[in-house]
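Here you go, one structure.
For clarity, chains are labelled A, B, C, D, E and F in written order, and residue numbers in each chain start from 1.
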Amino acid sequence: MELTFGDAATKIIGSTGFSSLTLGDGTMILVACILLYLAIWKKFEPLLLLPIGFGCLLANLPLSMMASTDSGGLLNFFYQGVKYEILPPLVFLGVGALTDFGPLLANPSTLLLGAAAQIGVYTTLVGAVFLGFDLKEASAIGIIGGADGPTSIFIASKLAPHLLAPIAVAAYSYMSLVPLIQPPIMRWLTTAGERKIKMEQLKPISQTVKIIFPVVVTIVCCLMLPGVTPLLGMLMLGNLFRESGVTARLHETTETHLINIVTILLALAVGSSMTADTFLRLETIKIIILGLLAFCMATAGGVIFAKVMSKLSGGKINPLIGSAGVSAVPMAARVSQKVGAEEDPSNFLLMHAMGPNVAGVIGSAVAAGVFISLFGDPTVDSNHAEIATNIISTISSLPK
Amino acid sequence: MDSIVLTSLIVSLIAILVIFTVLIVLIYTIKLLVRLIPYEEPPAQKITSETLPKTSPPSVSPDIISAITAVMATHLGKSPQEFHITQINPK
Amino acid sequence: MELTFGDAATKIIGSTGFSSLTLGDGTMILVACILLYLAIWKKFEPLLLLPIGFGCLLANLPLSMMASTDSGGLLNFFYQGVKYEILPPLVFLGVGALTDFGPLLANPSTLLLGAAAQIGVYTTLVGAVFLGFDLKEASAIGIIGGADGPTSIFIASKLAPHLLAPIAVAAYSYMSLVPLIQPPIMRWLTTAGERKIKMEQLKPISQTVKIIFPVVVTIVCCLMLPGVTPLLGMLMLGNLFRESGVTARLHETTETHLINIVTILLALAVGSSMTADTFLRLETIKIIILGLLAFCMATAGGVIFAKVMSKLSGGKINPLIGSAGVSAVPMAARVSQKVGAEEDPSNFLLMHAMGPNVAGVIGSAVAAGVFISLFGDPTVDSNHAEIATNIISTISSLPK
Amino acid sequence: MDSIVLTSLIVSLIAILVIFTVLIVLIYTIKLLVRLIPYEEPPAQKITSETLPKTSPPSVSPDIISAITAVMATHLGKSPQEFHITQINPK
Amino acid sequence: MELTFGDAATKIIGSTGFSSLTLGDGTMILVACILLYLAIWKKFEPLLLLPIGFGCLLANLPLSMMASTDSGGLLNFFYQGVKYEILPPLVFLGVGALTDFGPLLANPSTLLLGAAAQIGVYTTLVGAVFLGFDLKEASAIGIIGGADGPTSIFIASKLAPHLLAPIAVAAYSYMSLVPLIQPPIMRWLTTAGERKIKMEQLKPISQTVKIIFPVVVTIVCCLMLPGVTPLLGMLMLGNLFRESGVTARLHETTETHLINIVTILLALAVGSSMTADTFLRLETIKIIILGLLAFCMATAGGVIFAKVMSKLSGGKINPLIGSAGVSAVPMAARVSQKVGAEEDPSNFLLMHAMGPNVAGVIGSAVAAGVFISLFGDPTVDSNHAEIATNIISTISSLPK
Amino acid sequence: MDSIVLTSLIVSLIAILVIFTVLIVLIYTIKLLVRLIPYEEPPAQKITSETLPKTSPPSVSPDIISAITAVMATHLGKSPQEFHITQINPK
């Protein structure tokens, strides 16, 4: 077969990405650009959504070998850190190093608000089942209501890896939209009088308590819900680096360069899972709608429970701090502060809202632990698996 | 009612019960801790850290502190509100 | 068999490295010391050549298990990061975070100089074929003319892993010698009048353009040349961290500790591949000669093309900025500045030379992409591979 | 002429054509971008950053800035030319 | 099978850690809390013992999948870095970057004190054999006397991985106790007159010598003892980053964030190997007793050898610097300073004790190298293995 | 005497001999190095670094240096004794 130079050039042109570009690829490149736009110009969680968007862009350039499923590709390599559940716990190590649990310790009852906000997880779970998802998928979607990125990624990669991309994007997007989503719900569910309640100053907490707290939380929670240990254990270790006062070097690295490096790898990996066949589906639309529901119900759950606590305490608690129970630290607490200050500019709710806010992180980790107890991968540990299988078969055989 | 929807309701109920149980246990543990180890005004150190600044203000001006804070903020990529300089000791 | 204590001691002596020390090992230890000398006292790219030299030293200590081929050894572990093409893209992430594409955006035509300097790659390729290398080897050697370390390592590990060590050493060594190699060629190819041309001040560029630029480059170039995505995509992501203004944390980590850690691992891995049987060969001498040719031709290509552009623009371009098209940022641009200032001390070419200089980085990444399109590993992706095989068979069947 | 040398010449020619094609596409893309989004003098911020120094120079002396720059340079292992302190705000 | 809601709840309770909590787990959780207490309130090497203790806590929470043997778990992943001998050399890279060998170069004879202190290793080895350990185990226990954490972990993971946990804990605990263990031995073995000896000021050392030193040490020691290369080579590379003056970026990363990250991973991995079945054994008690013996004998060895050197030098050497030969940098040197100052407050021994102190690091690395030469894994390198087997069979067949 | 105990004694003896051999070789190597490359007062740089402070002390006060040292110490998690600022050059 004889070929001219022109034919060879034609062949070269055939090896470009253009020749393989599908409508799906093009749409996903557009989605990536929208994510980058939201991250950069709308400041939607840019530390996550910018690299997620860029990972999505790379993954959808045809033949670039950058999708999470392209074995041997660079982002497939990073994706192993999501698949084997290594990166989300390391992010939590950094989050722990950045978190001050002082306001929670000063007012431990606010942990109940962190629990109440999880109602969003379960209304969404039921909603997702209604829309046709199975129980594992519905749980992974529900956890968006926990308003916690690494937890959502951890649970999605464990229970419904094929939904990782839309769940992660929905979780981080709605976290950015907390200042828009929450205030109307908060105003609708509270009276002006309630919003004006001033709370008494938080009492100071001994440093010893702050040091013992992460150890106690780890023992108590991980004994009850072993599946939560990678997330909660690392969160608490990071916090112990912070509070112990003897590991300043480790604390400094953990809260800066370690969490930054891990965030880059994690976000690129998540982005690389956003391909046309996983993202351009009806499920994604459903997840986006369910995610909004999750955030709204979590906010409402927190506020309503705070109203009850306010009544029971004889008006010592401002119900506006309830919405902070969704986590999304520290944005949700700032929203409580802002909505409170609208009613009475001299009312400073920020520190009081930080209690339920960090409680929300613990709350959604605990919620994740419950899901892992119920649906965790049975291949990992036979003993653990047996128990989980038993529970599931038990539940399935409940009277209908 | 669909069986899976019922199951999802039961799962939700159990999960909420477990979450509240775990967190209520945690609340009482914290309350116990805080009662056992009450906050005390730090005695010796407090005095030092309050005395020192009183003797040293002419030597380290607030400008320098804010300058350094700003640089560190730029350097660390944090807002200056996220950290503060607690003490500066001339060597 | 009865043994005295003396015999046992004799055996111990037999387990030392001395007993296995070959002339090749000794020579390579000397080579390592020369590299360390050049890095420390001659300041030849010390951030790379110092750990490369030390890796070479360790790899050639007999029985130390530190060669890149010693399965289970420490440096073999780091070498996987080269083999699986993970470390060079991560270095490029840092390079992107350190690079200001402003001067290039202010004068986009200088991209042509970054293209013209690639002529060095192809003269060297043809030269290498003349000296008996096959096409893949010749391509890997040619890329030395791109004057870009990570690109050279990336391409060598892909197309000719057995030549990785001499190619990496030649690339970094000649990059250090840019201030010696380039000036005579620049003076020889230009007239005094040309060297005195003053260029008009660069116009300022909107920050929005600087933000959009990395995204656009990624889409345009990686669509045309999918193989370049790991390198160019990471370069542009690092630059987006820098310019977006919303990811200061990630930018800071990327341009400091992340690139430093990756550089240490990469350089040690490259050094560990410098063993007697891969390095003490006639090929190494040939590569060193071809590398010098590559740098000279790249410089000449850039300067001659800049002369043409100068003529066409009516003398608005000083041809001395053409040599900066080789990349070797920012050394090549400084050479342009210095040679220009010799002729007219009031002539400041540095910022004008930064345009072709960073264009050279893009240019050699694009050149790498062409090679990957033509010769990339067919086992990785069958579709991609089929196309590549077709092209090669097409080219081989061209009329002779 | 040797077949492989001829092939290498053809590869080189194609490669150069591809490189110039890609980079020329890039040039026109950039030109389009720069035309669509022209540079504008940053309005509000520019004023702030120019006004502030005027009011604050007595409070933050250039010595302090150069001191901090030098330390940061040492610390980061960069030359002081590689970065500069744009603004220092007293808290 | 029909189940009520109550039965399902009972099943959930069965999936908690409580249901699987054994007495061993409970005891180990207590041990973990004691380690955390020692690290935080007694400041026992907190950078290591805090994450080791926390890793131990996590590993012993039932069903948490955090033990080093829980395949697929997070800490099992980190543990691979110990198993494949990657993390200890990287810690040594950081240690090298933090170490100033100047005082050693100013008084090279102090290397003999670093050698003499290794006597602790061998008395412990013989003691361990007496207590029923085999030769490999006894060697791993003996190296505790080297007072060097990463070296102990490296050797234990190579020769006796089942004893890693108690050896690492003993090594770091006794390193913290150096200020308590050493002074009585030092006072008992020296006269007041000896303790008052003032040493002449150290002569300054050319920077060139400081740069050449790490290269020379690597060549000399690793040629004689190839097995020590991963540890000693990385130590010396870190030091070269420090002294070369041309790799400030790499030096800064190595001595801060890189060593911090590696320390976190290493310590968690070591902690995760502390499970009831590996730790709650008679062997652990034996190792703790032998570890104390090791430290005492190492101290005594150093002091006695320093007395001899003092005599031979005509009283120019204060024997108190001998105890610093155990390494435990810089604590052991501070102890020499403190005990000397008790006798004569105007006597400044700190810088003189830094010589033997850093010599101790080299000394125990060399001791490790001897063990690897004798007992190193024969599967790794057949040539190496053959030699080692020969030596062992030779030694075993010695006349009894 | 037990065979393994004897073996352990022999191993110990050989190991100690090897350690002393290696370290004595190292001692003589260092002595040779130090003799071949004696310490010299750094000529030019020394003068600069001694002259500069003399001219610049009014411009960079010790307070600033200690302030920066303290901040860097806090930042790096090191004690201020572990590093020192050798020189500060006004830009």
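Worth pointing out:
Criterion: a contact is a pair of C-beta atoms (placed from the backbone, for glycine too) under 8 Å apart; a residue touches a chain by one contact, two chains touch by 3 or more.
Owing to the predicted nature of the structure, the values given are computational and were not obtained by experimental measurement.
Between subunit A and subunit E, two chains of identical sequence, the interface residue sets overlap only in part, with shared numbers making up under half of the total.
When you average the Cα atoms of each chain and compare centres, the chain farthest from subunit F turns out to be A. Farthest chain from subunit C (centres taken as the mean of C-alpha atoms): B. The mean-CA centres of subunit D and subunit E are about 47 angstrom from one another, to the nearest whole unit. Mean C-alpha position of subunit B lies 34 Å from that of subunit E. Chain contacts: subunit D has residues 10, 14, 18, 64-65, 68, 74-76 touching two or more partner chains.
Each of the following residues of subunit A touches two or more other chains: 5, 8, 12, 224-225, 249, 252, 256-257, 395, 398. Listed in rising order, the residues of subunit F touching subunit E in the complex are 1, 3-12, 14-16, 18-27, 29-31, 33-34, 37-40, 76. Remark: subunit A residues 104-105, 108-109, 111-112, 114-115, 118-119, 121-123, 125-126, 129-130, 134-135, 138-139, 203-206, 208-209, 212-213, 216-217, 220-221, 224-225, 256, 359, 362-363, 366-367, 370-371, 374, 395-396, 398, 400 touch subunit B in the complex. Within the complex, the subunit A residues that touch subunit C are 1-3, 5, 7-8, 11-12, 14-18, 20-21, 29, 33, 36, 39-40, 43, 46-47, 50-51, 54, 57-58, 61-66, 70, 72-74, 77, 256-257, 260-261, 263-264, 268. Residue ranges on subunit A touching subunit E, taken from their complex, read 84-86, 89, 93, 211, 215, 218-219, 222-227, 229-230, 233-234, 237, 240-241, 244-247, 249-250, 252-254, 256-258, 373, 380-381, 383-384, 387-388, 390-391, 394-395, 397-399.
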